[in-house]
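Listed next: structures, encoded as structure tokens.
Two complexes come next, and they have one chain in common, subunit A, joined by subunit B in the first and subunit C in the second.
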Partner chain A sequence: MNAVLRPITNHHAAPLQVRKLSHGYEDGTVLAGIDLSLQPGSVLGLIGRNGAGKSTLIRAMVGLLKPDSGEAFLFGEPALKISDSVKARLAYVPQQPEALAWLTAQQMFDYVGRFYPDWDASFAKTKLREWGILPNKVLGKLSPGERQRVDLIRALASQPSLLILDEPAAALDPVARRDLLREIALRAGEAGTTVLFSTHIVSDLERVASDIAFLHEGKLLLQCAVDESKERFARLWLPASMSAAAPTDALSRCRHADGSLSVVVERRADGAWPEAALLPGARVDALGLEDLFVEIAG
Partner chain B sequence: MFAIQPTSAEPIYRQIVEQLRRLIAGGQLVTGELLPSVRDVAGFHAINPMTVSRAYGMAESEGMLERLRGKGMAVAATTRSTATQAQRMALLEPQLQDLARHARELELPGDAVLRRLGRLLEE
Partner chain C sequence: MNAQAVLLTPWRATQTQMRWLSLGVLALCALGGLGLVLFAKHGETAWFIAAAYDTGLIYLWAFFLSSISLLAIDARWLCIPGMQRTAVMATLFYAVLSLLPTAIIAIVHGREQAPMLLISLLCVLGGLSFALLPRYMAMFLGILPTLFNMLSRSYNLPSIGDPRFMTWGAAFAALFAVICVLRWRSMTAKAPRGQMGFSGPMVLQYRRAQSMGCTSMNGVDSTTQVRQRPDWMQPQPDLCHVGPSQPDYALRVALGGWYLPRTLRGHLQSLAPLLFALLVPCAILLLSYLGNHALSLHAWRPLAMLMVGWIAMFGSMGLMFSTLMLIQQRWKKNNAELPLLALLPGLGDAQSSKRRMLMVAMRRPLVFQALALIALLALTLPSHPSALSMLLLVVGQLGCAAALIACVISVIGGRPLTPPGIFSLMIGVSLLIGSNSFLPSGVMGSRAWAPPLSYALVLLSGWFIVGVALAWVGRRGWRALKTRPHAFMPNG
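So, the complex of A and B:
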């Protein structure tokens, strides 16, 4: 299924790999030893609260930020010094694109299109119309949302092997957002495009992502397949009288006003829930991703 | 043709498999009927094609679907178009258990719930 249609120059190198990446700002550590590897054709949804460091991680991945320690690799090349051939296969859309503000959307496409061997000019033209962008308006005069839409079109039209999007949903109305998700899903499934996108809209991620990663307090939690996350984790609720028996290795614990306790638990290797789930009054609730996220990050 | 709820705690591939099971058991999908392609389902719902393939593959391995060369997936010939009432009833069991649990949590009397359910079934 994950067939890659175009040849990979660096054989067997993962499209994206991050090793022990750490970074901090003056007000504290943002990333604390991140490890991550993406397989071709996978779609990773990166979620985390505002300020969790998603954009910092993404900027380090694409070589726009030099981390305090650790490294990121794109198709096997260090992100801080990638070759032109890797650049041509990568598309990154920041939250607030600012480059080439003096050009119109059409001029910018004509200009950047020359750098991409597989540039799809007719796709770019169609999408501009569908997403309501005037092709002859100077980019600097577009709203931030319109500006990001233009950049998303630029990224998709280049037909990249690796597509990295920082909060792409924020700029789009529901119809265009669904349209973008469809593009992401079909390109990953059919052309083998590898995608990483950050979001705080969990339902977007549930639709198209094959894998998730929660960025929380500098670490990536619950790195796994989306389907697996729903089947492997659940909320265990214990009445006050039983709360002392809660598993000590639970992913999160929340004490309620009546003394009852809810914890996020993981299935054991044999598929069973931890033993506390069998206690009288205990209840196991399946969790959607949003609930799981709130339980852990809340 | 499928109703997909991405936010449900039930993974999307499972939602598709269970809907296929119900549609086939209820006779809405009959032997030989072609299913929409993976691409059509994925494109329509803006979901990952791999999720749809996984669901179709599971349904195939359970014998609900069969792959027709060059045509795609169809409802398997071995599937009886209408399962027995007991088999169809078994498919409803999880929802009935959920309903019973919710009714108990709300401390609703059973006969009131059954009256309402009866009216819904007559609609």
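So, the complex of A and C:
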């Protein structure tokens, strides 16, 4: 452990904050004015369809991408210019990690561990054994799932205050996925680690996330607590004769063959559903997270 | 299976670029054949045309028609037996068809058909064997003529006019045919993914090259390289000095490839295949040389100097291209080493890590290039070469170093050359260095040779144009690097 780090300058800043972040590629805009903030100890699940811009947003959050406009802050420092002290508190696992294919898992931990002041070598060793990964096999010869697990161990062993995972469960089998989710929940619950992970597997969100952020077509459609989402949003079905009265600010809108209309609505500030819910024939259906996701993104 | 499917098999097994390239090579061979006819003496015409055609046949079977075997592999693994049979039939059909023009040439010119046909058959089977044999066999291809000459002298092998030629030729053809059948069977029996290593057939490399086309100039990615290497050839990194107190080491480990710090065992291990590969041709050259000359240091010196001169010249260029490929590859992926480095504490602030990254990426190749230049000067200066020869040698080496600097800055700065740009640079530098290749032998020995002034001026003009282009690439990269927040931002 020979890391030399400067003292942390801003202990009270939010672990992660994104302000008016926009970015686009040659084929169009990917992120359009994203605002997001993470409270210490929270577990935020960033959900969205494939190509919604989750990975781009995450890369901008950790300073691997210079956005067209807007800014991301990590512990109060601009993501593009973070200091060593912030880096020591941050761990990021990209989607399908491929780093250091020429090293073995053990060598990779030996290499990375020397830079982190709180590196937990015994955790790394134990987890490798628990997850059945040969420590002396070169990373390039591991399966994508095994490689993902090695990188997750690498991230967790640095004992970060902020853990950012891009589709961490994508290449994992159900057992490994459950192990990972348990580990995330444990870290957040016991060590107060703030976690942000992107996924399109809704059940993973329901299992560990305290908050969700829904990214759709480059915009953050909603950000709220997981439990609150079930209370706050519902599907409002209106018969054809009443469909003209549907609220204009609905999150999604689906016209059926018989002329009836389904919209996703949000409770008003006073806790009541929009007035259209009181119309004759109107029906309000509770939505689970998955239904909400499908209704909005489908 | 039908006749049309058999006829179309080579088209279905290859991509457009490969088809055009094959057509171009065949056209060149045809033109070469016609050119040879103009200078041929009476009675040699048929042999000259056949020789040009046979050269084309070797290429065609080594690189184009051998791709039919790829179709056979896919058919086997997709469980489409009809397609597999079609591939086999197409191979046999085109093999027979390949012999037809030779037969026509022999009949038209009234020559004996059997020896001509046998040579064409040897070319067909030889080309196909090359494609089906393991990749490492290709390393020994360059020494085959020397080997053949040596064996001819030692065992009195018959030439084409010899009455024993038919027996020997038929035996070789039978040997090649057996190799082709056995390799075809073993190749189609295994999954292609498991055969991409060094001992896998050469033809599987064509698929990768074809699929990459000229849009990707980054070579094989690190994971694929690791997967292709057997365990005993995996690098043995030396991580003793890695840590925030020595960030240069950490960066070298993250760059991998030939930047990777290795243990002594690791160095020996990485050099072993190269030394082994050099050992065989060197032994053959030695045996060949001993057959003609007495073993004396005086007789060996020119050959050794020539070898060292070429290794220094072409090595310097190869080093530049391989470094560029490696750096491009590392800065292309956003899920590999760059995120790790970008968030690794202890590598210093953005400005110092940019400087350090540039130094680490350039220091080793530049040191080797400087050593190559010193070796070249040490070899040539004692012969008192002309100023022009020296100028060309030095400009060539400095040009390679300048290309390395400009390209590395442009990649790390986030403004890398496009694939056509790299391709043009490769062609330009290769041609210019290739044009210098006579210099090591020309300036050595008792009578140093000076290139004509016009020739030197053309080469220097070429280097000037390359230099201007590199200056533009380097300046553009440098400006981009200055505005980049940090050095570890992926370009992909």
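A few comments on the model shown:
Everything that follows uses one rule, which is that the second predicted complex is superposed on the first by the 289 of 298 C-alpha atoms of A that agree within 3 Å, B and C clash if a C-alpha of one lies under 4 Å from a C-alpha of the other, contacts with A are read in each partner's own complex, and residues count from 1 in each chain.
Operating definition for what follows: a contact is a pair of C-beta atoms (placed from the backbone, for glycine too) under 8 Å apart; a residue touches a chain by one contact, two chains touch by 3 or more.
Since the model is a prediction, treat every value here as computed from it, not as a measurement.
Aligning the two structures on subunit A places subunit B and subunit C next to each other without any clash. Applying the stated contact rule after C-alpha superposition, one finds that A:L152 touches neither subunit B nor subunit C. Angle at subunit A (Cα centre) between the Cα centres of subunit B and subunit C in the superposed arrangement: 140°, in steps of 10. In the overlay built on the shared chain, the residue A:A124 is in contact with neither subunit B nor subunit C.
In the superposed model, A:R114 makes contact with subunit C only, not with subunit B. By the touch criterion defined above, A:V263 reaches neither subunit B nor subunit C. By the touch criterion defined above, A:A250 lies against neither subunit B nor subunit C after alignment on the C-alpha atoms of chain A. In the superposition on chain A, A:G288 makes contact with subunit B only, while subunit C stays out of contact range.
In the superposition on chain A, no contact is made by A:L236 with either subunit B or subunit C.
Once the two structures are overlaid, the count of subunit A residues touched is higher for C than for its counterpart among subunit B and subunit C.
Of the two partner chains, subunit B is the only one touched by A:V208; subunit C is not.
Nowhere in the superposition do the C-alpha atoms of subunit B and subunit C come closer than 27 Å.
Common to the subunit B-facing and subunit C-facing surfaces of subunit A are residues 2. Residues of subunit C touching subunit A in their complex: 221-227, 231, 234-235, 237, 239, 242-245, 250, 253-254, 256, 260, 333-340, 342-347, 349-350, 484-486, 488-490. Contact residues on subunit A toward subunit C in their complex (touch as defined above): 2-5, 59, 62-66, 80-85, 87-88, 90-92, 94-103, 107, 110-112, 114-117, 138-141. Residues of subunit A touching subunit B in their complex: 1-2, 41, 43, 178-179, 181-182, 185-186, 188-190, 202-203, 206-210, 226-227, 230-231, 285-291.
Looking at the complex, you find that subunit B touches subunit A at residues 6-14, 38-39, 42-43, 45-51, 53-54.
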